[in-house]
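Just so it is clear, A, B, C and D label the chains in written order, and each chain counts residues from 1 on its own.
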Amino acid sequence: MRTHVKLLKRVRLRSPVLIEGLPGLALVGRLSVSYLVEALGAEKFAELYSPHFPYYVIVDGDGHIRLPKGEFYYWRSDGRAPDLILMVGDSQAQTSEGQYEVATCVLEFAKKHGAKTVITVGGYRTEGGGHRVMCASTSKELLNMAVSAGATVSPLGSPIVGIAGLLLGLASFTGMDAICLLGETRGHIPDPGAAKNVLRVLTSMLGLEVDLSGLDKSIEEAREIEEALSGIELEEVLEWRPERGRGPEYIF
Amino acid sequence: MRTHVKLLKRVRLRSPVLIEGLPGLALVGRLSVSYLVEALGAEKFAELYSPHFPYYVIVDGDGHIRLPKGEFYYWRSDGRAPDLILMVGDSQAQTSEGQYEVATCVLEFAKKHGAKTVITVGGYRTEGGGHRVMCASTSKELLNMAVSAGATVSPLGSPIVGIAGLLLGLASFTGMDAICLLGETRGHIPDPGAAKNVLRVLTSMLGLEVDLSGLDKSIEEAREIEEALSGIELEEVLEWRPERGRGPEYIF
Amino acid sequence: MRTHVKLLKRVRLRSPVLIEGLPGLALVGRLSVSYLVEALGAEKFAELYSPHFPYYVIVDGDGHIRLPKGEFYYWRSDGRAPDLILMVGDSQAQTSEGQYEVATCVLEFAKKHGAKTVITVGGYRTEGGGHRVMCASTSKELLNMAVSAGATVSPLGSPIVGIAGLLLGLASFTGMDAICLLGETRGHIPDPGAAKNVLRVLTSMLGLEVDLSGLDKSIEEAREIEEALSGIELEEVLEWRPERGRGPEYIF
Amino acid sequence: MRTHVKLLKRVRLRSPVLIEGLPGLALVGRLSVSYLVEALGAEKFAELYSPHFPYYVIVDGDGHIRLPKGEFYYWRSDGRAPDLILMVGDSQAQTSEGQYEVATCVLEFAKKHGAKTVITVGGYRTEGGGHRVMCASTSKELLNMAVSAGATVSPLGSPIVGIAGLLLGLASFTGMDAICLLGETRGHIPDPGAAKNVLRVLTSMLGLEVDLSGLDKSIEEAREIEEALSGIELEEVLEWRPERGRGPEYIF
């Protein structure tokens, strides 16, 4: 099996924006884009499989088994916002070559559906957390839009690891513009607060009307866990790392 | 050398069920399927080789040397149970890509022989051990059959690592149904008791008549070792892991 | 995406010398060749991309994002020195195969532009530092030139790791001669002093007239940092290593 | 660059025996076969290069640089012993796939020159050392020859790691017979004593007349080092391991 996209439904979209949120630091990307999928009632139309994902299968509810995969959802705007392709999934690729291969496959798929803009979402680790949304882009124009929507330009020298970064780096080879929005987080546990901060910027940028209060309950729960953990010295940060194919990075 | 199957004998089978038991957690899979091979008097008809297996050779008795490999045995039923293809072997592949490649090769081989159902066997780690056999499947029907035979549906979120999982995940691409049966085990040493529990479910599911009492002596021995070890804190669990090609995972 | 060179400008050069300075021990190579690029006013004419580079993107100033890459600059001599192709970049490849692939790609690019000589630049770790420039070569003649310019022949048995070494080893397959110049360094921090020592030899060998005093300020700063660190036991040496795709090796 | 053999001289041999001695445990293989090359005055006729070797270059005497490589020497018998192809080299491949690729390339080269027998040489670790030479083979006949020459049949279950093992495992696919001879060694330092023990068996098996006393001086030196080290607890065994491309495994 090669890295490939399995199309579930033929869909025609008008210059959709691709928004990616695979698992990463504090799950900020996945939490954000999964929330959007649900809030918008977006529909799944394709899946991505790759031998570069870790070599396990996932047990869904009811004992049903499936490979780790990426999922593409589409949402048709009424015209006030752009159409969207929303990508979420279970994991990232395990090697440099795998990461390049998966990111290339995602961009080709988006391009084939007419996408000209890519937005990737993730976490941005700072010691004490914070509420900023950092942004970096291949395009000055996109950057300005994000800043107008409340984001802060990412400082020099802080690399963006994994697919959230590679999609941007590779987008320029395909003629697409791309930006990432990274929510500040302490990074120890899944951080729905950072996700909400990112979504505020994202929805404002795109003119999307999405009620974000649905995240408040899990934000409260996360706050309680953080408090309970505050006495404990945490060695590990919840971020994505290649683990030579073992175990789930995130069981959420 | 590419991953390939070397056919030793041409065999025609009627919709055989593929049962896989490569080394994994507490060797439950290998113990189970090896026992079946012997108890049924199944005959070897093919071998699988792969450059993704670890780069050593195995010394059999009498100073004879051979590559690590997978082995396929066939068993023809008298009609009350399905025909079987039984797969055992020395090792699993060392990387994500290797795991996908080997699993794909196994499924293609089984499909070419008319298989429509795949059963994988392994261990399921629980702190205190236990006697349950957990199951997860690509098919509701297979899952019901396993539950009727005494298995418990695997809970949400517990991934199945290695070929026992991947064969299931990839089976759906080939039009085959697949299920895994995982025997509860503490996982510290090879666990023939877990193997017996799995075989009870497996033989009942397939209508196989196999005397399982042949495992009792090694179950007793394992119990004694567990007792002797009970004072010692064990750090390591006996499970399969990629080790960058060094050493045998299991010398049994 | 495969490892490839993206040509930005068609350039005709007369038997140029390729000088490589990717990140490595104490950044000696990168500091040296970057200084040359600036001092000579060399112009960029090509970029090298590879899926073997680490899977992150770099945030330049102003929130602009780009893939890690190699950069080729050219400089046309007035005839007293050879024309130059200067290569700098962000990272080295992450695996043996990647290193061979990138090095081969660099040599093919240089050969296509008529290069017959390759010079690689890096650091040479010695406990107490020192001011020597060690050299090793595929060609007795180049070695003699370097020694005449003040370099010391590298002793037996000390391997040269990474692209600075591989370019030499692979050059012989392409009919090019190659030499490396390695500045002695303690290796704990970026070492502009070692870079200056290397550049003295290099410019003398090639008959380049370059004012090296521009490095003096950062040499002084590095000396101060070394002094401040002198009481602390440093476990880590600043050298290039594959890190399975994570993080920037050098943010400088 | 792909794994390939570079032929330096066309040579016609009569059913030569391939003897391999790349670096491995206590350097027994390399010491043995290098000694044979010198003692017999064998002539180099080919070199093997591979991107799976570690990514550094080696500095020979006089500042000359070269890639890690395998070397093939030939020796023409006067008829009392078989012709020989002797293989030595700098390193082994770094991954499972690389090991399979290099071993396959070696066997194809040997087959093309008419070889029907392969002998690999290495070390066999035992706690207290010892003077035995363990053997394991794909052929009962070769095994008997080794035993007659003083070797001991290797016990069950002790895997043979690296090219010394893989050449045997893969030989059966090419119609060649193969045997390995492993000299007992404590494994902490290069062990010329174990090499001498292996060479005694090897020369006896093949009817080679080689004076082995040339090893006595380095055996005495090794004994002195072992004594000096006898008070120190040694954690590391000198064996070959993949090190992700860094550093020389053995500078000898």
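What we mean here is this: contacts are C-beta pairs under 8 Å (C-beta built on N, C-alpha and C of every residue); 3 or more make two chains touch, one makes a residue touch a chain.
Everything numeric in this text was worked out from a predicted model, so none of it was measured.
Q: Hey, which chain ends up farthest from chain C, C-alpha centres compared?
A: When every chain centre is compared against chain C, the largest gap points to B.
Q: Find the geometric centre of each of chain A and chain B from their Cα atoms only, then give the gap between the two centres in Å, rounded to an integer.
A: Here chain A and chain B have centroids separated by 36 Å.
Q: Roughly how far is chain A from chain D, going centre to centre by Cα mean, in whole Å?
A: Chain centroid spacing, chain A to chain D, equals 51 Å.
Q: Taking each residue of chain A in turn, which ones touch at least two of the other chains?
A: Counting only residues that touch two or more other chains, chain A contributes 95.
Q: Classify the chain contact graph as line, ring, star, complete or other.
A: ring
Q: Would you tell me which residues of chain D are touching chain B in their complex?
A: Going by the criterion above, the answer is residues 93, 95-97, 99-101, 104, 135-138, 140, 143, 153-162, 165-166, 168-170, 172-173, 178, 180, 241-242.
Q: Would you tell me which residues of chain B are touching chain D in their complex?
A: 1, 51-67, 94-95, 98, 244-248, 251
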